[in-house]
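Here's the structure, in C-alpha cells; my notes come after.
For clarity, chains are labelled A, B and C in written order, and residue numbers in each chain start from 1.
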Amino acid sequence: MLGPIIETLIGGLLTGVLYALVALGFVLIFKASGVFNFAQGAMVLFAALSVARLSEVMPLVFAVAIAVVIMVVLAYVIERLVLRPLVNQEGIILFMATLGVAYFIDGFGQTVWGSDIYKINLGIPKDPMFFFEGVFPGGILIDREEVAAAAVCAILVAGLAIFFQVTRTGRALRAVADDHQAAQSVGIPLNYIWLIVWAVAGIVAIAAGMVWGSKLGVQFSISLVALKALPVLILGGFTSIPGAIVGGLIIGAGEKLAEVLLGPILIKTFDLAGGGIENWFAYMLALVFLLFRPQGLFGERIIERI
Amino acid sequence: MRAPAASDIAAGEVLLSVEDVTLSFGGVVALRDVSFDIKKGEIRAIIGPNGAGKTSMLNVINGFYQPQKGSISFKGETRTKMRPYDAADGGIARTFQNVALFKGMSALDNILAGRTLKMKRGWFWQMLRIGPALTEEIEHRKRVEEIIDFLEIQAIRKVPVARLPYGLQKRVELGRALAMEPDLLLLDEPMAGMNLEEKEDMSRFIIDVNDHYGTTIALIEHDMGVVMDLSDRVVVLDHGVKIADATPDEVKKDQAVIDAYLGVAH
Amino acid sequence: MLYREAGQFKTSYQADQAIFPIAQDRWFVWGLVAFGFLVLPLFADQYLYTEVLIPVLILSLAAIGLNILTGYCGQLSLGTGGFMAVGAYAAYNLALRLPETNLIVVFLFAGLMAMAVGVLFGIPSLRIKGFYLAVATLASQFFLEWAFARVKWFTNYAPSGSVAVGKLELFGMPIQTPMEKYLFVLAIVVVMTLAAKNLIRGRLGRMWMATRDMDIAAEIIGIRPLYAKLSAFAVSSFFIGVSGALWAFLRLGSWEPLAFDINRSFQILFMVIIGGLGSLLGSFLGAAFIVLMPIFLNQLPGILGIPMSTALISHLEFMVFGAMIVFFLIVEPHGLARLWAIAKEKLRLWPFPY
C-alpha cells in the first residue's frame, strides 16, 4: 500500500514543479509591478505554440531562440499598449485588463499558430524509470519528463535568484518592487523595468510551456491548467519565489493524494459519478488558506493604515 | 445592546474617559499611559507636534486600534474590544485627516449614507420602494437637506464628490458625520490645507454644531489660533505621552508644551 | 431641442428622487417597454427571439447580478457560471420532484438556492479583497461545476449527465413558442430590473457603494462590512440564480454542466466591464454587445467575401473581446453606459455647443 502512495506523492510533487513554473511567472510580474497577471496562462500557451510550430521547420534550439524574441516583443507590446495607459490605476482594473490580454493572446496565438494539438519533442526518452525496486514490490515509477521539469525549474530559480541579487537590473527590480515612486525618484526607469519583467516572465512561460507541452501536447487546455497556478500563489504568497515553489509542491502533491485517498471515500459517500476532485481541490485548499492566513506561507503581512 | 442615550448625561459631566491607554505597533510605542476625559457639550482639542500620537488616539477612541493596555469609557460604559461600527452605533462620528469620502457617490448620497444606522426598513420594502420604505427615504432626505442647508452646499448636492475641490469635500465629510446625529464628533484636522476664508467657515460650522445641536466635539488641529479660539480644554501629547491638560490659556504658558513644540537643548 | 429639462420643476423630494427625473427619459423608457411587449411580437421571427432577444434579456439579468456585486459593492467574482448552475439545477430538481409547482415559485426557489450558496462562498470576502477574492470565487466555480457533473442526484441519475425540462406553463397558459418564452422572460427581467434599481438607490445600495469606495470610512458611519458584503453576495446571487434557471429552461431546454463553465463566468464579467461597472443600463448594453458580436462576426465572411473557418471566427471572437476589454478599461472605464450618458448630455445642449 505504501508503494503506490509514495509513487502518487512523487508524481504529485513533480506536477507541482510544473505548477510552480507557471506561478513563478506570476510572482515575477506581481513583485515588480503589482499587477496580478491573469494572462500568464495564455502566455504559456502562446510560448508553447510558438516553440511547437517553429520546431516543425527548424531545430529545437533555434525554435526556442525565436520564441524568446517573440516573447520579448509580446512583452514590449503589452507594456506599451496596456500597462502604460493604465499606470497608477487600481490593482483590480489592471487585473481585469490582463484578463482581456489573456483572451486576446489565446485568440491571437491560435489564429497565428493553429488550434490543433501539437507536439514538442524535448528528446527525453518516454520510458519511465524505476527506483527502490528492492524496497517496494514493483519499485517506484517516475516519469523522466517530470524529472527533467524539476531540473529545468531548479535551473530557472537559481538563474533568477542570481539575476535578482547580483545584477544591476536585478537591484533596480527589487527597488521597484518595494516602492514605485521611490524607485522612480532615484532615477530607475519604470517602463524599462516593467518591460524586463514581462520579458523574463515570457521566458519563464517558454520553459513552462515546453515542459507542459511535451507532457500533455500543446493545446488550448494548457491555458486552463495554468489557472492552477493561482491557488499555488495564494498558498505561497504573491511576492515570494520560494513560496511559489513550495506552494506548487504542496498543491501538486495535495491534489494527487486527495484524488487517491479522499476520492474513493467521497465517491462512496455521495454516490458520485467518478472522482475528479483534482479539479477543485487546489482551489478549496487555497480558500481555506485565505481564511486563516491571507498573506500565504511566505508573503508579507499586510498592515492596513488609515 | 445599545449604549444608553447621551441625554441621560447632563452637560458638563464626563461623556468619554480615556484611562491609561497604551498602544504600540511592534516595538514602536504610539501612546503611553494616556488618560483624559471629554465632558458633554464641550469642544476638546488634542494637540501636539507631528508624531505625537494624536491620530492614534482618535483611532483608539473609535475602535480602529485596540489598545494593549487601558480602557475607554463612553457614556459610563467601559468597553474593551470594539469595532468602528460599534462606535458608530454608540454615537461616535468621525472625519479624517485625508478626506475619506465615497468618491463614486454624489454629495447627497454621501450624506444620506451617514443615515444608514437611522434607517430601519427591510430589504423587501426597499425593493418595492413603496409605503414605509418611500416614506422613510423621504423623511431622511429632509433631514439631510437640513444639513446641506446648514453647511451651505445646496449647489453641489448632486455632484460626484471626486469632482469637488478639497474645501468642499471636507464640508461634505462633516455633513456625513453630522447626518449620524452623533453624541461625540471626532474631527481630525478639519482645517488642514484650507485658506483663511475656508478656515473661518469651518470654524463657524464647528461652533454652530456645538451650540445648536449640543454635540460634544474632540478635534485635532495644528493651527494654534483656531485651537485657542474654539476649544474649551486642550490635551497636549508629545511622543505618545500626555504632557499637559488644561484650558487654552494655561496650555499656552506651560513650559513643557513650549519645550515640546520648540525643542529644548538636552 | 426636444430633450430639455427646462421648465420641469420638482416640488417634492419624491419627484426629485424618481428613477428618471427628466420627463423625456420617463417617456422613452415607458415607450421602450411598451415596444418590447406590444410591437416587437408583431414582426419578430424565431431567429430574432431565440438567438438575440431571449439570450440578451437573460444574460442581462445575470450581468445585473454581477454588477451589483462587482460594480456596486466592489467585490470581484469569477464564479458567476457556478451560481447560474446552482439556479438551473435547483429549478430543475424542484420542477422534477414537485411537478405541480408554479413556474414562478420554481424560479424563486432557483434564486433562493443560489443566494444561499452565494452567501456561503461570499464569506471569504470578509477577510480578503480584490484578486484574492477573485481566486476564492474561482474555487466556487470549479467546485460547483464539478458537483453538478459528478453528484448523480442533481441530474436525477441521467446516464449522459445531460438533463432536460418538460413542457412549461404558467397559470395554465403554455410557454412553448419562442414568442411566449420571450414575453415571459421580458416580464421577469422588467420586474427584477425595477427591484434592482430600487435596492441600489435605497439604503442597501448606498451601503454597497460606500463599502466599494472606501470600506474603512463605511465602517465609521456604522456600516458593518459583514452585512454590506454578504447582502451584496446574496442579492447578486439571487439574480444570477434566476438567470441561470431562465437560461436552462427557456434558452437551452436541455443542458449539461458545461453550459455554466468558467467561460460563462468570463462572458458575464465582460458584459459588465464593457457595459459599464456600476450601471444597470450598462448591464443591458454589455449583454447586447457580447451576444451580438459573435453574430456579427459570423456574418463577416459573407459581407467581406472572404471565406473563414468557424475555428478562425471563434478565435477572432476571443481577440475582439480581449481587445474590447482592454480598450474600455483604458478609454472608458464606465463602459457603454457612459458613452450613452455623454450622448445624452450632448443632446441636452443641442443645437448649441455649450
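One rule holds in what follows: contacts are C-beta pairs under 8 Å (C-beta built on N, C-alpha and C of every residue); 3 or more make two chains touch, one makes a residue touch a chain.
What you see is a predicted model; the values in this text were computed from it and never measured.
J.: Tell me, please, which two chains come out on top when C-beta pairs in contact are counted per chain pair.
T.: Most contacting pair of chains: A-C.
J.: Relative to chain A, which chain has the most distant C-alpha mean position?
T.: Taking each chain's C-alpha mean as its centre, the farthest from chain A is B.
J.: Mind checking the centre-to-centre distance between chain A and chain C? Centres are C-alpha means, answer in whole Å.
T.: 33
J.: How many angstrom lie between the centres of chain B and chain C, each centre taken as the mean Cα position?
T.: About 41 Å separates the centre of chain B from that of chain C.
J.: Can you check how far apart chain A and chain B are, centre to centre, with Cα atoms defining each centre and the answer in Å?
T.: 49
J.: Going by the contact rule already set, what residues in chain A reach two or more other chains?
T.: 306
J.: Can you list the residues of chain C that touch 2 or more other chains?
T.: Residues 216 of chain C each touch two or more of the other chains.
J.: Which residues belonging to chain B are in contact with no fewer than two other chains?
T.: Expected reply: 64, 96.
J.: Looking at the complex, which residues from chain A come into contact with chain C?
T.: Residues in contact with chain C: 36, 81-82, 85-86, 89, 91-93, 95-97, 99-108, 110-111, 115, 224, 227, 230-231, 233-234, 270-277, 279-280, 283-284, 286-287, 290-291, 294, 304, 306.
J.: Could you list, by residue number, the parts of chain C that touch chain B in their complex?
T.: Its residues touching chain B are 12-14, 17, 195, 198-199, 201-204, 206-207, 209-210, 212-214, 216-225, 231, 235, 278.
J.: Can you list the residues on chain C that touch chain A in the complex?
T.: Within the complex, chain C contacts chain A at residues 74, 76, 123-124, 127-128, 130-132, 134-136, 138-139, 142-143, 145-146, 149-153, 161, 216, 262, 266, 269, 273, 311-312, 315-326, 329-330, 333.
J.: For the complex, which residues does chain B have touching chain C?
T.: So the residues of chain B touching chain C come out as 62, 64, 83-85, 87-89, 93-94, 96, 100-105, 109, 112-114, 116-117, 119, 121, 123, 126-129, 133-134, 137-138, 141-142, 145, 176-177, 180.
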